[in-house]
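Structures for review follow.
First chain A sits with chain B, and in the next complex the same chain sits with chain C.
Moving on to the complex of A and B:
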């Protein structure tokens, strides 16, 4: 009886050792492959709303609808260095709407009225068309629908507005729900330093 | 001109009118601003003048890396405590306390992410797809509970898992599920495991992470979620009042892996033949059907220590001789 028990123990020990070795090997393989801390981010050159050459397609709002966070962790960001500061901004105004008495489009583009506009620099109140304007996106209101991103895209704008994952809101899911839905695989894991930098969208072959 | 041609002409006129009506909105649009991009390059602060300074783009930083490592350390620590409380101290109260603490931290504070259950999919995909990398933290979170299970059984399930803790707290009047039905339902989790891995390793266009998508309790942790999943989660909790931890026993794919590993466990919840009374109180106390013929079954045991709490030998030492 005691002999049987020890044999069983020995077999158990061998099995455990084998499984542990297997785990160790697999873990080593995965760790070898990994590269530090990575976070989810939108690749602007893949996102259909911002990438160049993508014309005639409707605005993609999957970032708003698929995120597990109620008001999506993806928000539109205006990269001020690249902003044209236009008088009639194609991301701020619905440029297809009728013109009002001031000569400006009568409708705004953002469905949540999240973009604020103010003249900057040396302001000439007498000639509003001759001023520069700052367009600031309200982080609290924006839900990342991408309408303004598409509005600002070439050839209408300079493409300064892109979608970005807000890391203070993102719960960093094992696998991002938006990335599963995104038709262009635009949600990618990036090293933190890269993920924080605002980038310009380019053409993409994906 | 024949009489038959008359209605044909009026048809043509009608069609033209309809066409015009269809085109009308476009005409209205054409009255908007004839838009032309006014600039080719972005004006910088020198051009703008008036003391204007280009503001920085807001860059909210992700959670600090050391906090993510802390999660891993806490996971290891909590499993160690669970083993100590259940196997050495045999204390139901303290084990329950640990469960509640872990529910508060891993569940409601960390909002159910990161979790070893969902990481099955990441690990499977990372093994299958050479370009898919997973953070070291995920690898650690996936393997640690399995290694603990190899030595001590499913300490993760009882002590740490927030999904298990949700159900642990609603066990009110558990019924013993007939053994055969219990075994048959227990196979479901392996089917789910296989399905989840199969869907996770698909090419990106067909890929789906079903474990996360159909996680019944994560909506409660986040206090928001899809209505149908909240409904299913509530269903599991209601069912859980009479059937102990239904998700863990019959569906949890990670439970399947842990169950395999815990078959090899060295130590764990044990009913020692030398000291037992053959009273069967422990088997009645176990809501998870993990005591068979008055012996604890490692692969089913969820580390709740109810058997110890029910044992006359444990509660009043010396009473049994």
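Moving on to the complex of A and C:
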């Protein structure tokens, strides 16, 4: 090195700079977080359960198993603006189960029975398929396992059900345990305004 | 039993390939294959060789060829009508009734168009005057199409066979909107049933007694008789698993064409004598 700076010195400076930048980034995040400006949220376009194009892969349940909050701070949320209100919803029914006497799948998909199916308006007694149905996820029962999310994903469904961090449950860890485990880096820090979307509604506006 | 005999098109830049979309196919009386995707119509010979192509003013969602050779392309907000050489002969626009045209057919001198935006089939006379809706005057105010397209086909007797995927049915209508009946039921295990939330997505009828359909998730093509009995599963595992709304057409030889909407290929299948 020409000005007396050895290669080792230069590398040390770069390393220190990188560490300082890292601290700076973390510090900036912590300041923003302390101010309530950023929160953890699931990016549905990265989550393997909802990401388009990912077919034939098993359901990922890390949001349930890795979260430090009991029953997880993550919940499945149905975006009613996107929901098809189908007669046979592949997120509600196990569509691979045997058909019952009514012509419907005999098993539900959710292991915690957290989804309620309600007809919109009066059911046509002669033809129950002649109706729209609303699918409401019970926050008390849901543990964010993602099984219904995968059932709803395109092209099987319309992708209206996605995973969301519930901020009334999230304890706002500096390093979210799910984010450390998520293979798709789907847990992201988002500004509060982006993280709180209308999808957090628990009922549709009929 | 059916076997795959040919692959036409594919994703790419070449003239015979499709750039971004492949949405609809049909076959004319001379077994020429027509396909719309992107903003272009392509015409292939019976052997799969590209013979013509011409641009459409908007991306095409449906294509049909009338007995007189006119080629109709359904688009968002309009139907473009070309002569057999690709010269634009007419454009039908109807802000209220031509929302997004995903199917076109002909019956007794009338033109039928499927409007996915309003979940209904419209009947027009040959001059483009609206006559009546089909499949709209019911409790659900249209077909249940979470998959996003209306599709139908007209048989030799002038009966319209329309998919109602949210009900897992193919319904039969007269041109003046009388519901004659339906075939189909949900079943996620038995291949004779229609699986998922909303299947079948596409239909075409051929001969006196054959209804050909495609399904999504998992994508497959099947053939039924008019009573709803499954005749054969044409293909299951040859399509991209993310496919949906795969259009289907059958030529005079009984060759079945299915559009893979992800790989942008048209797959051709031939059955044995029993099929």
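Of note:
Everything below uses one rule, namely that the second predicted complex is superposed on the first by the 157 of 206 C-alpha atoms of A that agree within 3 Å, B and C clash if a C-alpha of one lies under 4 Å from a C-alpha of the other, contacts with A are read in each partner's own complex, and residues count from 1 in each chain.
Here is the rule we use: a contact is a pair of C-beta atoms (placed from the backbone, for glycine too) under 8 Å apart; a residue touches a chain by one contact, two chains touch by 3 or more.
Computed from a predicted model, the values in this text were never measured in an experiment.
Within the superposed three-chain model, A:185 lies in touch with chain B and out of touch with chain C [touch as defined at top]. After overlaying the two complexes on the shared chain, residue contacts for A:157 are found with chain B and with chain C alike.
Within the superposed three-chain model, A:168 lies in touch with chain B and out of touch with chain C [touch as defined at top]. When the shared chain is aligned, no partner comes close enough to touch A:59: not chain B, not chain C. When the two complexes are overlaid on their common chain A, residue A:120 makes contact with chain B while staying clear of chain C. In the superposed pair of complexes, A:130 makes contact with chain C only, with no contact to chain B.
Once the two complexes are overlaid on the shared chain, A:90 sits against chain B and chain C alike. Applying the stated contact rule after C-alpha superposition, one finds that A:39 touches chain B and leaves chain C untouched.
In the superposition on chain A, contact of A:98 is made with both chain B and chain C.
Once the two structures are superposed, chain B and chain C can be ranked by residues of chain A touched, with B on top. The residues of chain A shared by its contacts with chain B and with chain C are 84, 86-88, 90, 95-99, 104-105, 132, 155-158.
Residues 28-29, 31-33, 35, 37-39, 41-44, 48-50, 52, 54-63, 65, 68, 111, 113-115, 118-119, 121-123, 126-127, 133-136, 138-140, 143, 146-147, 150-151, 204-205, 207-209, 212-213, 218, 222, 224-225, 261, 264, 266 of chain B are the ones touching chain A in the complex.
Taken together, the chain A residues at the contact with chain C in this complex read 52-53, 55-56, 84, 86-90, 95-99, 103-105, 124, 129-132, 154-158. Listing the residues of chain C that touch chain A in their complex gives 138-140, 144, 146, 166-169, 185-190, 193, 195-198, 216-217, 219, 241-244.
Across the complex, chain B is touched by residues 12, 15-16, 19-20, 23, 26-27, 29-31, 33-39, 68-70, 77-88, 90, 95-99, 104-105, 120-123, 132, 134, 139, 155-158, 160, 166-175, 177, 180, 183, 185, 189, 192, 195-198 of chain A.
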